[in-house]
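I've put the structures underneath this note.
What follows is a pair of complexes built around subunit A, which joins subunit B in one and subunit C in the other.
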Partner chain A sequence: MTVENELSPTKVKEELLKVFPAKVARKRSKAIVVNEPGASRQIQANTRTVPGIISMRGCCYAGCKGVVIGPTRDVLSITHGPIGCGFYSWLTRRNQTRPASDTDPNYMTYSTSTDMQESEIIFGGEKKLKQAIEEAYEAFKPEAIAIHSTCPVGLIGDDVHQVAREMSRQLGINIFAFSCEGYKGVSQSAGHHIANNQVFKHIVGRDDTTVDAKFRINLLGEYNIGGDAFVIEDLFERCGIELICTFCGNSDYEGMCRSHTADLNLVMCHRSINYMADMMETKYGIPWLKVNFIGAEATAKALRKIAQYFESASLAEKVEKVIAEEMPAVKTAQQDVKTRCEGKTAMLFVGGSRAHHYQELFREMGMKTISAGYEFAHRDDYEGRDVLPSIKVDADSRNIEELKIEADPKRYRPRKTKEQIKALKAEGMAIGEYKGMMPDMDKNSLVIDDLNHYEMEKLLEIYKPDVYCAGIKEKYAVQKAGVPCKQLHSYDYGGPYAGFKGAVNFFYEIDRMVNSRIWSYVQAPWQQRPQLEVGYVL
Partner chain B sequence: MKAVHENTFTACRNACKLCTPLGACLTFRGIEATLPFLHGSQGCATYIRRYFISHFREPVDIASSSFDEQSAIFGGGDNLHRGLRNVIEKYKPQMIGVATTCLTETIGEDMPMLIRQFVKESQGDALPAIIPVSTPSYQGTHVEGFHAAVRAVVESLAEPGGRAGKAINILPGMVSPADQRHIKEIIEDFELPYVMLPDYSETLDAPTVAEYEKIASGGTTLNSIRGMGQARATISFGSTIASELSAGCLLQQRCDVPEYRLGLPIGIKQTDAFFDVLGELSGQVIPQKYFFERGRLIDAYVDGHKYVFGKRAVVYGQEDMVVGIAAFLAEIGIIPVLCASGAESGRLNENIRRVTPELTQEITVLEGADFLDIEQAAANLQPDLIIGNSKGYTFSRKLGVPLVRVGFPIHDRIGGPRLLHLGYRGAGQLFDRIVNTLIEAKQSSSPVGYTYI
Partner chain C sequence: MLLRHTSSEVQQRGALTINPAKTCQPIGAMYAALGIHGCMPHSHGSQGCCAYHRSALTRHYKEPAMATTSSFTEGASVFGGQANLVAAINNIFTIYNPDIIAVHTTCLSETIGDDIPQIIQRAESDGKIPEGKLLIHCNTPSYVGSHVTGFANMVKSMVTYFSESGSGKKLNQVNIIPGWVEPADMREIKRLCGEMGVKTVIFPDTSGVLDVAMTGKAEHFPKGGVTVEALKTTGDSKATIALGEVTSGPAAKALDVKCNVPCEILDLPIGLAATDRFIDTLRKILHIEVPETVTEQRGRLLDMIMDTQQYTYKKRVALWGDPDQLVALAEFLVLLDMEPVYIVTGTPGKNFLKRIEKVIGNCAFKAEVKAGAGADMYLMHQWIKNEKVDLLIGNTYGKYISRDEDIPLVRFGFPIFDRVGHQYFPTVGYRGGMRLLEMILNVLLDRQDRDCPEESFELVM
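Our next item is the complex of A and B:
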């Protein structure tokens, strides 16, 4: 399509809302914003989904077990509940991991569940959970076990935390539980928060061993889909940056235990992990920086920020060397795909950060993002963290515990003095800041939170974008509507898309998709020949 | 027959079953202009959608009443009513199938009452049929959910009519869209009018066309379901369904429609039984086309026998599929040394025994098994081949034994919905895939690399 659609974005918004009952339309109206950078438009986000509306959102359990805890290979997860939840979260996110050797533990291919039956619903499931933990310990001898609660657990009143404490004492390993019942919160976001809290309480800071390295960092909110983490790790290594831990992708328990010894936290997916960054800063004095390794320019920028933070000329030099090595291949690919993709349009409705990050890649290939939104983000992911104080806490969010964190009496060590931070900020380094997605989007683009199935179909019909980015739930509906759909949760079995090499991969994959000939075959030639139509009528 | 395995593990490690509401949603997707609706947390709808979608590679819409903490405590009647209202306004369905989840079953939601209330409050509005089915995920598996939904639909729509109709009912069970298309073709070739419930052969294997449809066309029509009580007979596939879950049983008891309960028609013997019944009901001889299809199948068996006889296979998955595949394997000379399922109907063992009488001593049956049980048992049995869904890939890789994918879910290969298992034609396709898999294993492990085999 052409970007200049005959319908104005305001008209499109009206069109999207037309079919809803008045009350629903009023509610949805606040979640659809015609973007105007600099005008501080407010968007409704992280509010309850309207029943019956076919949302793309998942649940609290999915955010906790599936997203945050799942990708760590040597923490054994046990789902406490009936069989469905454990089955559906069985490595469906395609997180990759690389144990140091074949004999090192990797439990990610397992999905262990207490498989609750009616008798446990009636008489309680704690006994079965204990047995499951004992069995898991016998079979795998893990260092840590995570217990994830599903809907019935909270309702029947199983005390999973007490079971965890008891079994932890009995077996002498670290066992902790998550009260991440599916009905909590309004989306998977609640699960992220609950996961952050428990990981911080039960894992971070358990091991003070400090690796002897100059530039120690953690990477937060990178889940190693399609091997992204491997690309980023390679860049760090070549620059001489020591990665202590990633939360959570290609990650292990030991790294998490030692993560408080890092000197900088890099935040990728702000939504799912910002709690961890904040808590580590308060307790241990580690500042955090929002970065983005999606997009070649963005990657270069992120690496330069790290060098700037550590105020090291030698690191800066190495970073520049790596960028200089990587960029030529990116430029070549960029020029090539631009000849076919320049001016084409994209829509992104995915995640709590990806819809923002991937706009970089489209920009680099000359494509334009005409509409975007998140599935489970909060207002700060759209409008920036400046709005945090003004966000009203509703009943759904109030039920998610906010940990009270204080500086660790022994281990709190500010990595930068107040003056240093001030100086870095003056240089333009946004320490502890995130400006959100909206300032980076064009005027008059449509920003829509928690886009539902109906609105998606409508948007496709009105705009006919050249590519639509979402997940598996949307994929085939989008393609039935004649628009290619790129999955940005699982990467359509492709990837990596992070870093420089990932950018090149992405350019070519999108090129193939938006320039595919398949759509021209939908109408058979014999459907278009008038004489046949006449014949048919006769 | 070796002793049925007794589960020594309390926990389930890598389950060989899915949850009950999933099955119900599949049934509802096979009814015309129907939307599945899950009463519970929205995560259930999302998980189940994504699971279907990764198998069928088709849009699958499932609505949810999106419970929050408040509704989990005080009941979700209001959420249900608002959800139904929104679904009706947006999709204008003819029917909404409401399945419960472990959440709503645990808090004891009274579904018929809540739906009656909704209907009462909507007086004057034209409403779709709203049919509830109880599917607590802590009871049974997805297969029970599937059958429970079929039965619930029949129970609320079919009216007795003294067998006045000309049509027959066909309840195919949880088979692929390709299987359903083939069954329809066969019955049509016998010139029998029929009602198949459910029929997702088009809704979950839909063509890409110029005009996009909000609810994919196809599916059993509500009117034809209403007529099921007047049918001449019901043919139902599946030997492990409990009578209280069987719609065929219900139609027999309530409407006096005789039920012909058959195993899934996989392989010659079981397909012969199906054709026999069709011949009886239609009064026709077998159409020439199938005479040839059957003959070609036997010809293929003869041609391929040297590659398969005496080979050992592990079979797992839904119980009826396992029974069907075991019968077929026994017929072509492969010993199904291990037959396993995560389900526990209590009828797997006897049915395997029934279809493989000559192999009694050589088959181990595992009921209520998970994939670690299966892996462990398989490792001791030295199989040449594994047959089941995608979830067995992990242990197939570990044991270095090739996997032939059948059933559901298949999310590591394309074409799951187009896999044909049933009829002479389905047996032919299964046979070719099995034989070729064995040949390929032999060919790639041969130091010479023969091209002429």
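Our next item is the complex of A and C:
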């Protein structure tokens, strides 16, 4: 289906808002923007979800335990709260991990919880938490334990941080807690921030051992869904780039402890991890660079940027060699799928970065993104970091701690001089910058934050896109409406989609979806042609 | 090894649950509410719970699971959720237009102590509930019981809110409370009753809601589900049959107290004997004859069991899941001459232990059974490490044990995230029993084919 829509985007927007009560319509109106690159249109983001509206969003705990902390295999997570939260976040996020050997720790297949009962709600849960930590230590002997608070914990006033300190002393291991109660903030996003803070405070910088390698980097905001990180790791290795730590995918505690010894931070998912990048820069002097390994061209660009940053001809040469090795297969696949996919349309409503990153892949296969938005992003993820100073902090965000970070007296070491940074920027390297999603989207495409179920149905009805990208809660509702839906949180249990190999996987996956025969069988023969023309005479 | 830290040394644990064999109340209330036609389940709390519950139901059914939430922020958590709920009610009726909203609570709203009936009244007096639209609620604190408790609570609320004994005379119908079973099971129970010539009101009824046919048109409120009109008549039914003591018992008793409808509380009709009791109860209370066709179905299951007994005989089984399922399933396994040696449910309940004891008490094998605190899949795995079993029966989470220990797994219960079939093919009734037995046999025979020496590889089995 091509976009031969008669409704102008402004009209579509009106359509989306029509049914809402006046107050809701006013609010939602600010979250729906007709895109015009260069016109610096403002979008409302990171504000409260409208009660009763069927949002895609989850909670702070999900952002902290589920997204940021969960994927590190040897930090044992204990959920402090009633059983549900720990149960639902048990193995449902597909963060793949590969311990070095059969005997190395991997706690990711375990879900542990204090399973709070009524008596703890009434009399407090600290005692049970302490005992749970002891029992966890006995069962797993981990080096580090992370405690995650769920909704009731904050209300009944358990001091999880005090418990963590006390038990840390008693057991002689690193134990830290997260006040990531589900009601904090307005979405998973608050949990990302809280997780960043605690990881920075309690893990980063604990081990000064420096590996002897030339190009030391960290990869931030890559969660190794479907093996994406494995693909990226392989590229680094072939280029001779030393990956100290990924936050957090296929990651381990040791790497995190040493991450401050890297010389460059690469940021994939800006939303979930930009705090860490900023804090590491301030404290240790490590610059960061926004990159994207989703899309073959984007991957090539990211690798070249690394070479440019390190100002190394030998690295640049290796990078070009790897790109040259990988590109032919991509080109072949690209040409092949284009014959069937070119001109088709996509919509992406997911996460805090993916809705931006994946547009790149659709572009590479000749498809057009007609509408997109995030689930829990902030304005800077849409409009770029330039708007950061103008974002007003509201009551919901004010309570999320902003750590005051200063340069480490001993270990602060600017990796580049001011002049070098300036020179790199002059060469077009956007160090410490992110321009957001909107400048990359077409004029008149619709950008919508925190899309809800009603708006989704309307969009599907009006635009009939060829593919819609979202998460598990949306998946089957979209398909019931006759549009294939690709999950971009779980990848529908496929992947990897990162790097060159991932791009090829994605091309063929989308090709399969948008060109599948099955969609033409929705109507039974007798529904297509109800009239009986010739029949047997009975 | 996926579960490399699980050792055979069973340690005493009093505070830490590892790999739970239960989840929290609200998801059960949500599932039950989806079994009312035109109903929007509403989660009163912060939005994460609702997102988790919807995701879990969606993964299990591969169907949209629609529900709304009050989306508490920190402010609501301090000042109470009234404003959020009233706003939500207004928004839900305006935007999605359900016939009925079924509110359940979460840990958060329970800990705050929100008074739902009072808030509903408030919404009513504020004019937020349109003419003819309905609202019901139940309390589902997750720090009590488990997901099955939440299911039972919502089903009971259907009775408290709707059942009437209006006409004064009994209608020629029977209430069936099917318990937390699959849409396909509810469909099969209806079919079986229809075959018996019994008119029923079955509630909740998720068939036609969570197994919807693809038509190219998405419906917010699919055709299925028990209607409010039908629910209202339950007070005039001749009797209630509650399937599953834990999930259906409370509603049946409430209906007896409220409207004087006598009830029979039976096991879920899983396997031969439990289905026999179900059919026979219908026969006795309604004074009807069991049709030949039903007896024939029974005969087929019986035949299948006899033909294949050699493969199930003395096979050791570990099972985990929900109490109602486990009681009936254990009984069926014993009838197949299997040995359910490890049985675990995270749902607390003394009665469960008694029931299991009754089912397996006379058997020659020794069984470990645990329910409630400390009864988790980690413990069960430890038992297995100490003495192996031939078969695992339980939800998807068992696949990790299955792979590590190289023991076949039959997926049964909730949740099943990695296979299809459970939503479409029943495991209740005689035909369901045949399917269950087929699944068990398939994995056991595949195993034998895989492991036997070449010379004893059998063509005919």
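One rule holds for everything that comes next: the second predicted complex is superposed on the first by the 530 of 538 C-alpha atoms of A that agree within 3 Å, B and C clash if a C-alpha of one lies under 4 Å from a C-alpha of the other, contacts with A are read in each partner's own complex, and residues count from 1 in each chain.
By our rule, a residue touches a chain if its C-beta (ideal position, glycine included) is under 8 Å from a C-beta of that chain, and two chains touch if they have at least 3 such contacts.
Note that the structure is predicted; figures quoted are calculated from it, not measured.
> After lining up the shared chain so the two structures overlap, which partner does A:Asp102 touch, if you call subunit B first and subunit C second: first, second, both or neither?
A:Asp102 sits against subunit C, while subunit B stays out of touch.
> Please indicate which partner A:Phe20 is in contact with in the superposed arrangement: first for subunit B, second for subunit C, both, or neither.
In the superposition, A:Phe20 contacts both subunit B and subunit C.
> By the touch definition at the top of the document, which applies to A:Pro328: first (subunit B), second (subunit C), both, or neither?
neither
> Quick one: is A:Pro37 in contact with subunit B, with subunit C, with both, or with neither? Answer first, second, both or neither.
Neither subunit B nor subunit C is touched by A:Pro37.
> Could you say whether A:Ile121 touches subunit B, subunit C, both of them, or neither, answering first, second, both or neither?
Touch partners of A:Ile121: subunit B and subunit C.
> I'd like to check the shared interface: which positions of subunit A are touched by both subunit B and subunit C across the two complexes?
19-21, 24, 48-62, 78, 81-90, 92, 109-118, 120-121, 128, 131-132, 135-136, 139, 150-152, 154-156, 181-186, 395-396, 399, 453-454, 457, 471-473, 475-477, 479-482, 522-523
> In the complex, go through subunit A and note every residue touching subunit B.
It comes out as residues 19-21, 24, 48-62, 78, 81-90, 92, 109-118, 120-121, 128, 131-132, 135-136, 139, 150-152, 154-156, 181-186, 188, 395-396, 399, 453-454, 457, 461, 471-473, 475-477, 479-482, 522-523.
> What does subunit B use to touch subunit A in their complex?
9-15, 17-22, 37, 40-51, 53-54, 56-59, 61-72, 79-80, 82-87, 89-90, 101-103, 105-107, 136-139, 141, 206, 208-210, 212-214, 342, 391, 394
> Within their complex, state which residues of subunit A touch subunit C.
For subunit A paired with subunit C, touching residues are 19-21, 24, 48-62, 78, 81-92, 102-103, 105-107, 109-118, 120-121, 128-132, 134-136, 138-140, 150-152, 154-156, 181-187, 395-396, 399, 453-454, 457, 471-473, 475-482, 522-523.
> Considering only the defined contacts, which subunit C positions touch subunit A in the complex?
Within the complex, subunit C touches subunit A at residues 1-5, 11, 13-20, 22-27, 42, 45-49, 51-56, 58-59, 62-77, 84-85, 87-92, 94-96, 106-108, 110-112, 141-144, 146, 212, 214-219, 346, 373, 378, 397, 400, 417.
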